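This report refers to the structure that appears directly beneath it.
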Amino acid sequence: MADDIKKIALLTGGGDCPGLNAVIRAVTKSAILNYGYEVIGYKFGYKGLYNNDFVPLNLSSVSGLISRGGTILYSSNKDNLFDYQVEENGKIIKKDVSDVAIENLKKENVDVLVVIGGDGTLTSARDFSRKGVKVIGVPKTIDNDLGSTDITFGFNTAIDIATEALDRLHTTAESHHRIMILEVMGRNAGFIALESGIAGSADVILLPEIPYDINKIIEKIEERKKEGKLFTIIVVAEGAKSKNGDVMVAKIVADSPDPIRLGGIGNKLAEDLEKMVNGREVRCTVLGHLQRGGITCTFDRILSTRYGVAAVELINNRNFGSMICLKGNKITYDSLENVIGNNKKVDPNGELVTIAKKIGISFAD
Amino acid sequence: MADDIKKIALLTGGGDCPGLNAVIRAVTKSAILNYGYEVIGYKFGYKGLYNNDFVPLNLSSVSGLISRGGTILYSSNKDNLFDYQVEENGKIIKKDVSDVAIENLKKENVDVLVVIGGDGTLTSARDFSRKGVKVIGVPKTIDNDLGSTDITFGFNTAIDIATEALDRLHTTAESHHRIMILEVMGRNAGFIALESGIAGSADVILLPEIPYDINKIIEKIEERKKEGKLFTIIVVAEGAKSKNGDVMVAKIVADSPDPIRLGGIGNKLAEDLEKMVNGREVRCTVLGHLQRGGITCTFDRILSTRYGVAAVELINNRNFGSMICLKGNKITYDSLENVIGNNKKVDPNGELVTIAKKIGISFAD
Amino acid sequence: MADDIKKIALLTGGGDCPGLNAVIRAVTKSAILNYGYEVIGYKFGYKGLYNNDFVPLNLSSVSGLISRGGTILYSSNKDNLFDYQVEENGKIIKKDVSDVAIENLKKENVDVLVVIGGDGTLTSARDFSRKGVKVIGVPKTIDNDLGSTDITFGFNTAIDIATEALDRLHTTAESHHRIMILEVMGRNAGFIALESGIAGSADVILLPEIPYDINKIIEKIEERKKEGKLFTIIVVAEGAKSKNGDVMVAKIVADSPDPIRLGGIGNKLAEDLEKMVNGREVRCTVLGHLQRGGITCTFDRILSTRYGVAAVELINNRNFGSMICLKGNKITYDSLENVIGNNKKVDPNGELVTIAKKIGISFAD
Amino acid sequence: MADDIKKIALLTGGGDCPGLNAVIRAVTKSAILNYGYEVIGYKFGYKGLYNNDFVPLNLSSVSGLISRGGTILYSSNKDNLFDYQVEENGKIIKKDVSDVAIENLKKENVDVLVVIGGDGTLTSARDFSRKGVKVIGVPKTIDNDLGSTDITFGFNTAIDIATEALDRLHTTAESHHRIMILEVMGRNAGFIALESGIAGSADVILLPEIPYDINKIIEKIEERKKEGKLFTIIVVAEGAKSKNGDVMVAKIVADSPDPIRLGGIGNKLAEDLEKMVNGREVRCTVLGHLQRGGITCTFDRILSTRYGVAAVELINNRNFGSMICLKGNKITYDSLENVIGNNKKVDPNGELVTIAKKIGISFAD
């Protein structure tokens, strides 16, 4: 083709997520083995693009990465180059430094930029695309709430970990006749709570999409007591909220996509419930960072590999400005313009919520 | 409705599979909680139906089953009641005893029979349906080769286990510069080998659907040596065959769907390869029964629950003679008449084989 | 022998712990198979003894228990019968009701009481022994701080889980160049933090036994930065305290051995450190109840089985008033009189702390 | 001291084993951080010593190794330099080339050689010590049969894996009422079979140290049937033998410590038993290489770290010609002269066999 492509660059942005390294590996292997592209990786997301801080990637540097959590390219928060914090004349200001990044890409003869990230990272990708950079997006979010794609990598590893945590809490709950709460990720969407709740045999699932009534939780606890089950397992998404407007999201540290979480919804709920259950014990565990680390699960290894290889095909087909998607079982793609601003939510009337209700799980609604 | 349904019966047939208990749990819970059906479970598959050997199932008897492998209803081979081995006048003969089963269903006032099983078990289900029994099928096969449905439960647990095995073999292979072979299930279809091979970073994948040339395996080993990689990982489906017609399927014990496996394809290949690699060591591990046991994985817990609840919906909608399916992300159903005889195979030109090749995995074809 | 023993009773007290069920299984099996004792189990610890609430235990009821976490006999807090909360004349008072328990034992013809529990539970066991009850103690504590025995069951499962958590935190810490803190159990003794810290490759370990200086933590972080390692992993026992007297133990709910934990030492430390590390992120995960649940590890299954069988041997040898112990590799026993009040602590100059220091782990002392 | 030590070398020999990398890491870290020794590692065991093929080891090269299976220094069989296969004048002969190794150590100014290996590797270490080389041994054997030390690293990882395999086989055995056999490592000593058999709730354990009578296995199967348990789990060490002299050890490939295993004892036993159990199915799984790979367990990470640090202390104390040991809970050492030829075996009258029998496990003796 006329617009000959010789060199591509990768970067990873936002919170780390199992599968990032598997995508890096698949893009690098596929780009080199099939098209002979040179590959580099910018470090710390867009920050590296701004500082022109990169490493070459080759078959040897991506060897063994398929199962490894995290990202060998590191990640960064606060790296929006269109509104970037810089020091000028001794003052900290925010300004658009995207042209610096574009200059760096030119200087290094990078033809295409492959951006692996979530909502924020991909918004910048779209903005670079609008400024003429050849960009390919790969969706990443543990919460599974990105638009246009059915599943994102990392999500299945997270629900595996949350489900195993629920298995563990069961033995303690049963032995002590306790109400045990597990708080999982999901500030805006409750997919992790919903799927791990079903798989981990929770009795109550609380989601951001279905405001809960604490009295309905008590009802469920009492109903179980009548059946001779003296314990109750509750899984709560961190963004769950009560019907009467009580929101107990974690204390937010400004500008951080991953704030210190103190006294979030789970602990608040434990305190509130304990007052209502007449001497029974209520305990909360906040799963937190354990959800995103460690070994990438089988499903995510395969999905990440499919995404990575498909991203290189998009390059080869010159489908720039687009993002890889999974629709049903098929890998396809969508325009970055369509993806941004179309986040998914759990459908309160969808199949999964319905089957959960049919087997007796309460959403306290 | 006119044809009032009050009682349903469950049975599980064929080799055990993670998720069977989760389906039993979901059918029972959903049937009782939503429609007030009475539920019983026949033991040892159709054998129990013939002997009228059953247990009542209620909320308490299915409690805690979502994660437990195997089947609390037990399973059986050699239980085709349309060609059943019985003793008559001191002689062992085979005859059609399906009417005995139908009599038993009438005697117990069973309105609907829910059959959870693979190809053989569902063929009988179709045959009972043809004779007027109200039957619902739920697909079960670890190999994932049943027609009409995209994924069957048990499959994801199996590839998790096979992938973990490949992770383990890597450390030994690297330390000793060995060629390590893992033989996994898949007599007719190579889905387990294909997906675990991609996730477990195999270098060579051998499938029933893609006859292999042993010289191409040697080529891959040599190619890796040149890149400084002195070990090679091969995953082989038990039904893989070579281009020149060599078939080394396991020794088959008559009438058993799960024969003693001695000197199968993996060990044969290890012996053959060792002669060709000039003093290097080749070792084979046969994963065998480890693939089907233990704790059911998150994905299969959810899928089994969806299948179980959907089976009860089919009953409620009087869609008899049909089998639950998964198409893309959607639960749907198909006629048992369509399912039987339409087994799936890995598409040698499909997406997964293609992406595997693009990241350098050899199929020795 | 003259004092013929025909019937024994078991109870489990205090917080649940992996291995309790394995001990119940081993005692029951060994008692029935070797000596023909009848076995019963009191429910909810001493509470069941007071209420004469028990279940018979036989080979069938303990089948499958070796790997199962929790206790099928349930457990209880606030069950000290020597100072027990009862309602008399409409008032809640505390009184010694131990004679009620002794009457119940007589009524049921229980010859020996086997008590599985920690410090509190075993103190009552000693007190019952002083009053003439034939008692055998089996030591239980996740924290491993009981006197007279080298290792208690549950401890190895807990360090397995904590080590896996540290493995997971590593990938996030590396990707984001963060300081990650894991808070583990250990209010009075830091064995879990010490062993999981060594196994999980922590950079800093904070124990109750070695007061820390927060400036020394900063020093370690800076030292690692100089070596090019931009992340630091800290494991902190919940009872760790700073040199200047700051104690940030969890908020204690009165009378509970397992209080709601809000804003414990880990979160406090995260807040304090974040102020001192100039813009770098510090995050804490509180492992909490995840440490005590789920599947019992291999080591604890074997240790619990040894304890259970040995407890029955103590009965057969009429060594009442004693507790099973592990000394080195040998199962032995000690008088309950010696055990109580002799809790263990990590030796700040012992082998494990010394080897940790020799491989560069800081205790911030 | 007079005999100033500045440089040490490491090598790993024999079959790979979880914990090797953790020892390499601990020796390297402790040597550099505490004594400033320079450290190198010979590759492929003694083969590297003969070929003077080594890599420098430093803090960075051992980072992240504590959990990683295998050995970054690679290992080798057939590397006995005192009887080494070389080509001379076109003929393959065996000769003593140990002087070449000693020359290489001198050339590289290596003061002390740390040898991590099993019986064979340590025999050479002793022989080098006799020729004046300053040697420290670190014991390695998955089978746990090395003399002088209570536990070797790798053993606990192996029994974890074997126990998990037994857990998995239980679900299939129960569902199909089968007799399931698991063949585990242990050619001369049955420690893995014994401990995993207890932890994995096996019904029959067959060891090299306790010749079995196949009729006693049948007796156990029948006894279980009478109790209503229609399945039986058997764990067999690869070196187990029957009372009447039948030995079915795996086919041995000459000179290999890790031969191809075809039709070993497990499969032989399956065939023999199936003929005796009247139509019931008997199936065998050979665990094989899965026992030695993957992630090192918590216990082995700590033990390996203790061994590694202690080895450096032996160097600092000039205790050459000795091997690190664990006695009870204490790290100590013994002379290599005492270690060799004193392999351990399971004591048929020891505590573990006794407790196994007391809970009803049969050794078929």
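Worth a mention:
Just so it is clear, A, B, C and D label the chains in written order, and each chain counts residues from 1 on its own.
What we mean here is this: a contact is a pair of C-beta atoms (placed from the backbone, for glycine too) under 8 Å apart; a residue touches a chain by one contact, two chains touch by 3 or more.
Because the structure is predicted, anything quoted here is derived from the model rather than measured.
Centroid distances from chain B, each centroid being the mean of CA atoms, peak for C. Chain C and chain D, compared by their mean Cα positions, are separated by 32 Å. Inter-chain spacing, taken between the CA centroids of chain B and chain C, is 42 Å.
In this assembly, the C-alpha centroid of chain B lies 35 Å from the C-alpha centroid of chain D. Touching two or more other chains at once are residues 167 of chain A.
Contact annotation for chain pairs lists A-B, A-C, B-D, C-D, with touch applied as defined. Residues of chain B that touch chain A in their complex: 25-26, 29-30, 33-34, 59-60, 63-64, 66-67, 150, 156, 159-160, 163, 167, 195-196, 198-199, 201, 227-229, 297-299, 301-302, 305-306, 309-310, 312, 327-331, 351-352, 355, 358-360. For chain A in complex with chain C, the touching residues are 15-16, 18, 20, 68-71, 74-76, 161, 164-165, 167-172, 174-177, 180, 256, 258, 260, 262-263, 267, 270-271, 274, 281-286, 288-290, 292-294.
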